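Consider the two complexes below, in which subunit A is the common component and subunit B and subunit C are the respective partners.
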Partner chain A sequence: MTTLVTDNCQRCRFTECVTACPVSAFHAGEDMLFINPDVCVDCGACIPKCPVQAIYEDLDLPDELEEWIDINERRAKKLPIITKKESAYEGAEDRKKTLGF
Partner chain B sequence: MTASLKTKTQLKVAIIGSGPSGFYVADAIINSGISVEITLLEKLPCPYGLIRYGVAPDHQKLKRIANTLDTIAEHPSVTFLGNVELGKNINLEEIKSNYQVIVFCNGMSDSISLGIDGEDLAGVYPCNDLIGWYNGHPDYQDLEFNFDHDTAVVIGHGNVAIDISRILSKSIDDLRASDIPENALEILSKKTLKHVHMIGRRGPIQSKFTTKELHELGKLSNCNVSLDPKHLNLNAACQQELDDTSNIIVHKNYKVMQSYAGNFSAVNDKNKTQISIDFMLNPKYFTGRKQLSSAFFEETYLEGAPFNQTCKSLDHPIEIPCGLAFTSVGYRGAILENLPVNEPKRTLTNQNSNLIGGDGEIVKGLYAAGWVKRGPHGVIGTNRECAQNTVDSILKDTPTLLQTIAEGKAGLLKILNKKNIRYTTFEDWKVIDKKEVDNGLSLGKPREKFVTIKEMLACL
Partner chain C sequence: MNKPADLNVETFHGGCPHDCPDTCSMVFTVKDKKLISVTGNPDHPMTQGGLCVKLKDYEQRHYHPDRLLYPMKRTGPKGTKQFERITWDEALDTITTKWKKIIAEDGPQAIMPNSYLGHQGLVHGLNGGDAFFNRMGATVTERTFCGEGSCTAWLMTVGPTAGVDPESFIHSKYIVIWACNSASTNLHHWAIVKKAQAKGAKIVVIDSYASKTAKQSDWHIAPKPGTDGALAMAMMQVIIEENLQDQDYIDNYTEGFTELAERAKTRTPEWAEKITGIPAEDIRKLAREYATSQPSAIRIGVALERTYGGSQAIRAVTCLPALIGAWRHVGGGAIQFPVWEHPYKFDVMCRPDLIPEGTQVVNNLQLGRVLLGEMDLKTPIKSMMVWNTNPLTQAPETDKIAKGLEREDLFTIVADHFITDTAAYADIILPAAMGAEMEDMILSWGHLYLTYNEKCIEAPGEAISNMEIFRRLAKLMGYEEENFKWSDHECLENFVDWDASTCEGIDLDYLREHGYARLKDFGDKDVRARHAKGEFATETGKCHFMVKGAKNFVAGPFRQMYEGFQPGEDLDSLPDYVESRETPTTNPELAAKFPLNIISPKSHGFLNSCYANDTRKIKGQGEQSILLNKLDAETRDIKDGSVIKVFNGRGSFKGVAKISEDVNAGIVVATLGYWRQLNDGTVNCTSFAEFGDMGHSPTFSDNLVNVGLAL
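Up next is the complex of A and B:
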């Protein structure tokens, strides 16, 4: 069981998710956020927070997004922890619309 | 900094309750960077609240949140004092006289009753009784349970109902790997349940499950989970609720429910426990001679606009013969020190987390966070956000609050010592914790909990 961020986060980075994480498992990359699977307890609090539904549990992860399990594990650990909400990227609202939300 | 200057610039904060909300309030204050001294007061000798006593005993990964709470407790600005109960061995005035800020994070520990006939029969319990008992909570150890029945009904469609249904259905060998204490395991090992009904008044779209918990039920090797496919034929309003893109959890749950609907007409494997998820049934009354023998329901239907549908009863009584019933329809808070509450949930009356007194005015220095502020909703992480909002309010008031001088922990300890109260520190908890983990080792369990306060204090 694992919880992960996928590519919908790229160029949005609304960061609503980090405020609900009870264990500070989110790490901030320049392009998007990642979840450290060693820290995450799979509580699911972040999933409904994401305005572009970028966060999945592996139990309902679409096949085409499976590569993101490894990407989260690899990248999260090299990046700083993020616990406070930051401003979304410029154009995030437009991208949200493009993504259908 | 001299002692007197420190007294004038350092905010003294007492937090009532050391569940996740209490810890997250402490964390948010520390992270704000202000000079602060925080005392976490807890009525039990041990910390963590619902992480230890509410999170299901077979969800050990979720209980790892305690590791995060530990790092907060060990911050030099934070002192944990256990076995100190507001309204019992200390009163609000005694705390107020030593702290500029008091934050109520004491949660909600009472189950809401259904208010129907027969709830007093043997075999009918509020969910809290069972959860407190199998989690080893000292307040629930005198309860007696008998699981030698064919059928149990669990009333409620949230994660608490799922937890109870799962514990009732799981094989005893699987339960032995959890941290259910030995005394409870012994009684659970005699369970003969063949059928567990999880019953909700409304439909699949209105259920409050999270997907992981719902999905987990279907993975239990000794269980068959099913629901009547007719409930997945939605009325127009429910269909709109399902199609709303912000309703992601409902959408995911619906998919899991579709797979359970496929099990509905499958031939039952007699060796498996049947878990039925029943919708649109309103509990009416329980019957039995001293001991519960049947639960009666009325069929319901939904009426109204999407997201605002109300539940109406049809005149179709349904009987489910059962020997056990657990009601999981929500929680409410306790009345504490005459603080004004909002009925029926008994949240503390507040404005932006600031408590409101009986005169309708803001009470300076008193705040709330967690369930007792916003009601019994959300998952553990929700409390982190909630705590941050409370701390934002505190920080706004801090310059004013600092105009009052407060002694903080030193002053409170004087009172506790004078009253001869055996409080526990975080170091004490670590001793208890280690003993529990050691005792669990030989049993192949994550820990063997001490289930009485006396036992906890005895190992110190």
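Up next is the complex of A and C:
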């Protein structure tokens, strides 16, 4: 049971989601965020905050994104915690449009 | 509250009705008379807009395809879930005709109520039916599933105080979470604790296994189950031996220090190491850090009481903040259940004045024994009404309960949302309304706010609120007291002490508009130090390390406010370590057959047995698993993923083995809530219905079992 960040976050990194997390489960990579599954309480508060629908509850994860479960677990534990909104990745708005949002 | 642009959409304030300390303020959104979303109230200082995994799609629970919509009567053998729809008239007529017959033949005490906190509303919750059954003269039922021994221990020591404000933990420098998996069961407090941790506070979690919370602590201390009292006593010994106590605070605001110090003298860390398995040097370090890092705060978890000596352990823990003067500071002290300072009028809710003198008392932990005639009752039980609880998963000695419910001469009525394990045995099932379908205020045992819940949709089918059930029953039984005619709204006007200083400026209109209100005279979380100058809620105003002549009791709200037949046995005047009944050390004979201690915490994805019938929630939570250490697995040829059976002389259940370092050898962990009708037994099939040392607490963690490959 966890919630995780998937590839739509790459080079978007809007970081609005971290403000909704009650337990500081987000970790900041250079071009995207990851969720630590040991910390996430699966409340889902972050999901509607993402403008590019990068965040999924694992129960709703499309099959082709399955690999992101392991990636979140592995990467989150090596990266610093992020709890405050930061500026989006350079070119995030363009990428958002490319993704169809 | 607000009316968004879409004229068909309206929002209302709700309160989470579940058995959880957080009592979240919520926002219900209704479109075309349908509940379309439930979210956390962003304005609420604790909820802060977030709910938990259980409640995040609460609107869907209201429209669950298995909701009970109509009254039903049984048409097949008990437990086989064969029912047919009947009218409310037939249901209520059947019930009251049968009850009148029982009352005429056996007396009203042959009927017992059975409820708990399946709904935490002041109107529809724990005490909603008490006035009705007290008026009837039915057997009084104690309900001591969860925290009642803790209440007794807390009340004896510091009186009915809310303790440290849970929001003030943000100022704490040293936080001890003692026997609570906050990340799963006290989420909004956990969020505050995590913020304090980010600010530099040290978080210590004391728990017998590595819970989700323990794994995120700065220091996880894992005493053997049921030995927390020894750990707390040894902390006292170190504090006093090393002169770390706050003598000025002790001299002015406590009683019994000399006697406590004498008691603690022999409870050395070396003594406690042998009992708890915690190295003596770690105990010294904990005591020193706790005493010298102010403000320090302790979250007393519900699980601490769940062994025979659990409540004495809680007394010991409750003494610690006064010993070191932690109460002097904002964010210093301890928290148990802040409900003690909420302005609820339990006597008006329960009407204990209507109880006939000499009325017998049973306890819902011992339901199996009660129904099977093992309790030597003056009047044996012939009928039981169950609402807001599901004893067949939640109460110990479950197999006995099932056998009792099979009795052909037992007339059972269950009001619920679904055909629960217990409802499956009912003669009559009544469909109950759910959260958004009824007006109420939700009590809190975890924060300092009043919480309002507005009725914003109609209940489906013919479901009605619990209080409406009792209003209709009272009318047919001929009970004329005014309270049986109060609407839900009028109940709220009468059940809350609106004249209390805590309610200054707050009324139902205010609550409807805002959803919640902070109790007025509690001060700000950033300045409030409730017991900086003593002022405890005891008769003397002091913290009682020692209580002379103390007798055991169950707090009123958990026994219909009845004072008759309290347990009453003499209690030790001082806190101490009291051994469990079932551990390899204290009961080697039993441990020769059943060598493992089981702990049964709440499931992260269920709320007790609520949601454990929901496919999505079950998928999220996963099937029943049993955590065990590889040393215990290897000797039994158990592999990770093996289907195993947990068993003892009381019963058994099955689950999937998860071999894990999260548990020490000698302990197994299986979470609670799974339904018996969907699984092969449940954790409470193995648990014991004997009480703990105080307040008739449960002893769910004082339980020896064995495990083996399921055949």
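The working rule: the second predicted complex is superposed on the first by the 101 of 101 C-alpha atoms of A that agree within 3 Å, B and C clash if a C-alpha of one lies under 4 Å from a C-alpha of the other, contacts with A are read in each partner's own complex, and residues count from 1 in each chain.
Please note the rule applied: contacts are C-beta pairs under 8 Å (C-beta built on N, C-alpha and C of every residue); 3 or more make two chains touch, one makes a residue touch a chain.
Keep in mind the model is a prediction, meaning the values are calculated, not measured.
Once the two complexes are overlaid through subunit A, subunit B and subunit C clash, as defined at the top of the document.
In the superposed pair of complexes, A:F101 makes contact with subunit B only, with no contact to subunit C.
Residue contacts after overlaying the shared chain place A:V23 against subunit B and subunit C alike. Using the contact criterion defined above for the overlaid structures, shared-chain residue A:D38 touches subunit C, although it does not reach subunit B.
By the touch criterion stated above, A:L59 is placed in contact with subunit B and with subunit C alike.
Of 164-172, 218-226, 398-406 or 650-658, the segment of subunit C whose C-alpha atoms clash with subunit B in the superposed model is 164-172. Subunit A residues in contact with subunit B (one complex) as well as with subunit C (other complex) are 1, 20, 22-24, 41-45, 57, 59, 83.
In the complex of the two chains, the subunit B residues touching subunit A come out as 20, 24, 31, 61-62, 64-65, 67-68, 210-212, 215, 245-246, 248-249, 252, 255, 378-385, 388.
The touching residues of subunit A, counted against subunit B in their complex, run 1, 19-24, 41-48, 53, 57, 59-60, 83, 100-101.
On subunit C, the positions that touch subunit A within their shared complex are 40, 48-53, 56, 183-184, 187-188, 190-191, 194, 198, 212, 215-216, 604-605, 616, 619-622. Within the complex formed with subunit C, the subunit A residues making contact are 1, 20, 22-24, 38-39, 41-45, 57, 59, 83.
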